[in-house]
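Chain IDs A, B, C, D, E, F, G and H follow the sequence of writing; residue 1 opens each chain.
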Amino acid sequence: MASTNGLYEEIVIAGFGGQGIILAGKLLAQAAMKAGLEVTYMPSYGAEVRGGTANCMVILSNRPIACPIVSAPTALVICNKASLSKFAPRLRPGGQLIFNSSLIEEVHSVPDGVQVIGVPAEEIAIQAGSPKSTNMVMLGAYLGVRGPLTAQQAAAALADVLAERHHKTIPANSEALRRGAEFAASHV
Amino acid sequence: MAGKIVIDTERCKGCGLCVVVCPKKSIVISKESNKNGYFPAQKTDGDCIGCAQCAIICPEGIIQVCRDQMERIRIVAAPEKHSASHLIEEKA
Amino acid sequence: MSERILMCGNEALAEAAIVAGCDAYFGYPITPQNEITAYMSERMPQEGRVFVQSESELAAINMVFGAAATGKRAMTSSSSPGISLMQEGISYLAGAELPAVVVNVMRGGPGLGNIAPSQGDYFQATRGGGHGDYCTIVLGPASVQELADCMPLAFDLADQYRMTVMVLADGILGQMMEPVTLDPKPRRELPPKPWALTGMKDRKQNIVRSLYLADGALEELNNRFMAKYRQIQDNEVLCEQYRIEDAEIIIVAYGIVARIARAAVDQAREEGIRAGMIRPITLWPFPSEQIGSAADTFRMFLAVEMSCGQMVEDVRLAVAGKCPVLLHGRPGGGVPTAEEVLEKIRQLTIPAGAA
Amino acid sequence: MNTVFQRTSVLKNCSTHYCPGCGHGIAHRLLAEVVDELNIQDRTIGIAPVGCAVLAYNYLDVDMIEVAHGRAPAVATGMKRTNPDKIIFSYQGDGDLAAIGTAEIIHAAHRAERITVIFINNAVFGMTGGQMAPTTMLGQITATTQQGRNPSNGQGYPLQVSEILALLPGTVYVERCALSGVPGIKRTKAAMKHAFGLQMDDAPGLSLVEILSPCPTYWRMSPAKAMKWIEEEMCKAFPIARLKG
Amino acid sequence: MSERILMCGNEALAEAAIVAGCDAYFGYPITPQNEITAYMSERMPQEGRVFVQSESELAAINMVFGAAATGKRAMTSSSSPGISLMQEGISYLAGAELPAVVVNVMRGGPGLGNIAPSQGDYFQATRGGGHGDYCTIVLGPASVQELADCMPLAFDLADQYRMTVMVLADGILGQMMEPVTLDPKPRRELPPKPWALTGMKDRKQNIVRSLYLADGALEELNNRFMAKYRQIQDNEVLCEQYRIEDAEIIIVAYGIVARIARAAVDQAREEGIRAGMIRPITLWPFPSEQIGSAADTFRMFLAVEMSCGQMVEDVRLAVAGKCPVLLHGRPGGGVPTAEEVLEKIRQLTIPAGAA
Amino acid sequence: MNTVFQRTSVLKNCSTHYCPGCGHGIAHRLLAEVVDELNIQDRTIGIAPVGCAVLAYNYLDVDMIEVAHGRAPAVATGMKRTNPDKIIFSYQGDGDLAAIGTAEIIHAAHRAERITVIFINNAVFGMTGGQMAPTTMLGQITATTQQGRNPSNGQGYPLQVSEILALLPGTVYVERCALSGVPGIKRTKAAMKHAFGLQMDDAPGLSLVEILSPCPTYWRMSPAKAMKWIEEEMCKAFPIARLKG
Amino acid sequence: MASTNGLYEEIVIAGFGGQGIILAGKLLAQAAMKAGLEVTYMPSYGAEVRGGTANCMVILSNRPIACPIVSAPTALVICNKASLSKFAPRLRPGGQLIFNSSLIEEVHSVPDGVQVIGVPAEEIAIQAGSPKSTNMVMLGAYLGVRGPLTAQQAAAALADVLAERHHKTIPANSEALRRGAEFAASHV
Amino acid sequence: MAGKIVIDTERCKGCGLCVVVCPKKSIVISKESNKNGYFPAQKTDGDCIGCAQCAIICPEGIIQVCRDQMERIRIVAAPEKHSASHLIEEKA
């Protein structure tokens, strides 16, 4: 719930299974924990996941977090169309919407006062040298405009959340994070 | 013996099984994803013979197959006794 | 292991069980607690301990029964339908006075229901869903850290009182990740287990049983159990009292719901409503005394739970008519929001606020 | 041009929730075709398991019930005994039938219940995230056999349930098929049809069709690879055969 | 069949079920209710109905599930441990809204316990030993005649409300013989069963299910169930009030214990003690209103039961602190005697008598 | 004169609660003798079933546990896995093992648990008053088959559990014996000893001895007649044989 | 429980399995029902029965009966030694003890004021022409001295409790009932 | 080869199995019941050979058997491998 005293950011990251949604969420949570914030991370689970969509909810705060389930997000990171229609109406007034403009042409009907940024995540990922890291681009974009953390902090946490055998992807992922942030910051 | 298939691409999950079984290689996976984010199967202009292999293997049951000649394919799998259960034939 | 690590509740409790000396885990997959089974399948053999994926929950609880009878620390975990299948076994554990730890990561019911979080098995856990007169200690943690901390406590209580300790979590607690530290904490001194079945080397036969046919024998056993249960009620209640001193309305909530309620309480206070919360940590024994004495000063109680109203009965029993007890219940996977609870608080305190 | 293949109307006109390449979709379609062709839609009652196929009633347009995990054969018994004129089938996964439901399938067969069982063997628990099933192959990596299934770790051997059931006098027909390609799919359909036919003829016992079925998701393979794996690996532990009747 | 015949409770209830139109009986032997299974194995086929000796209680309750789903009247019976094994199934019956009748001839517990009479499964029956939020109607007959009369009522209630009705008897009621008449009595009008699975001839598909994955769907279902349960609480409570008008002490007891209590009440009255009794016949819905309004005049309540104290909680909830509620409980097969209850009454009324 | 037969001290010096001529008494004695002769009293843990033998711990002087009906193999699994050096046996009736406990025995065998199962097949549920068991003979009159067991009444056929278990790779030894006379009794003892011996040698799987055992009470026969009936009738449905190992 | 207003007779019949204890109890209950009395009958059951003893409890009254379990009988019909030591101490003062003197030599220690009659049941049964009907002799003896029913009433209920195929034993059983009653009446 | 048996008659349940298996017919059922009401087995003066058949079949394990000569009876039932489990011999 939104609160008067300090940070209480409720983020939903959503997209297809396979887009790295879960990893993006865990990375955000891990970076926040390292930064000394209170944090919760809640994935969609079980049969919900069957059928190809995935989402996760991350709450960042500087006081105890009530419930990890986000009913009215303050920020949305949306990687496909289906997720947009599901979550956009729930955004809090004054919230932030980051969407993947490589897959979503247009965004209709968001609540009042929501800031909307379209990120051509696929193109940026390709530019960053790693077409698979759209998730990092999107997360980077969020951190570039809104997050209480920087893209660098997220990049520093990559080693904690990636399995050993994927550590070779850290540089590319870091780059994707950086470029995402850069893009968003310059498109507010 | 020319055939024709219709794939309901919006419901396709892009599993590719139809592609693999098509003896004429006349199905491919599209480069465009559908609204569910899957890259669906797509018929090519190849010479479909209407053998229905793709339709038989498709887990989504979304391929319709037509063929020049009316014909019934009989699978004679278990016709030992004579009863309702042994009339094994595919619906034409 | 004193660093903070980000873990989901299911894995955190599994690792905490290992730290607590769990010798054997037996379980059958079911959502939303599959991470426990998967984690244990990997970690227990690494530690030279026992993992068995049982053919069913019936088998799992009976494997626990067997291992526990030999003096080992054994546990199982499941979710609602699976726990229902264990009721006979839990009753047997009670009858045979064996220590065991059972984790229920509750989901929506009845029937297959859904896999969303729920607190709909409160009655089953606290009233003994199995047959006969018995109790199980029930712990209701509210965070991943507390879930982890519950495990050594659960094993200790189980061994100390020779009974089943149930850890009652829900889909959220099991699935969510939070920072957690897994330091081994100081532990109680525990009685030895001379009753354990280890082969009758240098001693007489040991028998673990629950059948008592002789006239009056079972009644005597029941009465002994009751005495033990009363002792636990006297000594083992855990609960948290939050801003209740001057409260005109007290929320009673456990588990994840208590966190939501706490946020609502804080918000209400900001609005000038004197709200407070009592959070039972042990659901059995229930903090009846704490609630009862809070009720001595007239105020209002609001039970908030993810069910149609189960714990509220314990609140009513504790309050014993001294104050009104209301319920805000969300069954079947519905999760109350802090706003929703706050709104309820506002509604209930309007007259008091106006006065 | 004539239509040579079209979706039967017994299969509802909607998408499934299954993963791409999952065998459940194929099995459902065959079942629907068989019900259609035997003209028994108006007297068939189906039983959905707990497993990935729990929502089978969303796809199969016959009266259906969803039952507790593993208990389908008991439910079927309750239905068939009180409704001997109805055609009763259960549709069960290997976790459902061969793990938690072992007693129920064996005793339904033992009592010679006149029901038809469609047994989908995909060598894992799909619904719960790909754990070991009794039918998991030796060496197979699953969520609970992360080193590969190994009997010397106390994980047992692939359980041949159909072989057991074929032993019992109460079964009239037991056949194992595979969805691993068009011929296998055709054979599977024929077996289903035979099984239902026996029930229509009131044959004195249980008929069962075991179907080796791909779970690309938890086999961690492409759908095409999964089809091959059935033929190359699974069929060794689970030989395709008409085991009885 | 209007003559009085001497029958044991188990056989009487079985025959009464047949008279009530029970289409199918599924069961697994267990003492002290084996006479039901044996009787049904002989009589059901004679009537052209279905008897199956199942391989277990799990199978039995699921056979009931299957038969009930096709619109048939189905029942099972067991005793305590067997009923524990049915908890998952009963929860599924609740979730799928299927009518069913389950008889529990209770024995001593927990565990294997003994085969003596007991009322130790009251919580399990009235609080839902299975998972999730649901209720079952619970009938607590006190004589062989009432046991027989329960059966048509049970089937009717089950069909009317599409839920499980549990008949809670005990080893004494099951085994004892008493004169009984088995006339068919006038019956309620019942709704048709358009939901039944009969094959989709001339209609659309019917589905019987308990899984509700869509957001909010299960919560809605739970709320609908709750509305139904409240309706039952409003309309279906049965209880007997005996000499309570001027009573200074009211015994609350059900089943066989109520007969013992009645004798004690009579004896107490002879001694000049103003004792009375409230006997719940429906244990769920519990006669809370009746007890609550009896508590409006200050007096004392004494719950007498063959357990460590389970029903007493419902009495406490009903009395809501208005009067003291005491317990005389005999668990594990102990049967209270009238003398014992009388003595308790005497002790409790000494001050009142002296005043 | 030398004593050639004396009660072993592993059999406690008290009367049993069994009916006259009941096979449980004989089986208990053999078990006690085997434990004695193998010198494993100090590391053996026994599991009593729910059934007439529920009080076996009153007679056998080894550490014992009483468990829920049918679940002995699961309990044994819990014990053996955590105590691989102990000798674990379960003692189970046919109701216990072949009805309610079907899943547990099959899966203990399936997982190749290194335990020993003594399976007393007396073709009825004794404890509860002589109802039909899965092993009841065709035509046999019991409390729940008052016209004699008849498969066409949906009562099934005598269930050959040992044959099923012998099929599973997880069993190392399965033998069926009978207590129907002195030679059968001797053979039974030898089989028990072999089974325990395999466990002592840590053979990689479950060993089971099925014992055809008289229940004169619910067979409604004299003890002597019951012994004959085993040989003349029961052995037809349940052939005496070393089925495996 | 004993009561002031009218009849409340609590009888325990006990002996070996095979002595016809259950049948005697059912017969008494049946006859009482036909005579318009309130009646309950409660057998020992289940595994209790294993080991060879059997007993049943019958309560006869003219008002509702509380509980069919008899803790303090007003009358005891005892057919073997083991049952004597189990039940005799529970007899109510003023109660009646009928014992089978063919199997029990002596009766020690009964509560005060209990009337004791030894019945040579086997001999009487043999005289009555049916050595197996000791149960009927014992029941007859009870009815001869104490029961609110006559032996004739019991005899008249035989057809109700005996299975059709045993109806040929009715005359012998009736005779045994009669002789038992006669013996007891003349030995008070 | 003379033998001798001792039966604990107070514990005997009179099942008669010992009577049936005795090759020398030297056990009979008594006409006097024991304290549990059973008619117990009773040895006669017949020529017991100490074969122990009665003891082996007795469900109550209450027959003790003695014999003139010390001797071990070996049952060679399962001597295939050599391990603890294959030392099948009766206790003498």
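In this text, a residue touches a chain if its C-beta (ideal position, glycine included) is under 8 Å from a C-beta of that chain, and two chains touch if they have at least 3 such contacts.
Treat the numbers as computed from the prediction; the structure is a model and nothing was measured.
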Field: Shortest chain-hopping distance from chain B out to chain D
entry: 1
Number of hops, chain C to chain D, where each hop joins two touching chains: 1
Field: Chain centre separation (chain D, chain G; CA means) in Å
entry: 62
- prompt: Roughly how far is chain B from chain G, going centre to centre by Cα mean, in whole Å?
  reply: 83
Message: Need the CA-centroid distance for the pair chain F / chain G, whole Å please.
response: 41
Query: What is the distance in Å between the mean C-alpha positions of chain C and chain E?
result: 29
Query: Going by the touch rule set out above, which residues of chain H reach two or more other chains?
result: 38
Residue numbers of chain C (touch at least two other chains): 31, 52, 55-56, 58, 81, 88, 92, 96, 111-112, 115, 209-211, 213
- prompt: For chain A, which residues are shared contacts with two or more other chains?
  reply: 46-48
- request: Could you please specify the touching residues of chain H with respect to chain F in the complex?
  value: 3-4, 11, 13-17, 20-21, 38, 50, 52-53, 55-71, 73, 75, 77-78, 83-92
Message: Quick check: in the complex, which residue numbers of chain H touch chain G?
response: 33, 35-38
Task: Give every residue of chain D touching chain B within the complex, in rising order.
output: 1-8, 11, 15-16, 18-26, 28-29, 33, 36-38, 181-182, 185-187, 189-191, 193-198, 200-201, 216, 222-224, 227
- prompt: How about chain C: which of its residues touch chain F in the complex?
  reply: 23-24, 26, 50, 52, 54-56, 58-60, 62-70, 72, 74, 88-89, 92, 96, 197-202, 205-211
Message: With touch defined as at the start, can you tell me which chain E residues reach chain F in the complex?
response: 28-31, 34, 37-38, 41-42, 45, 52-53, 55-57, 81, 111-112
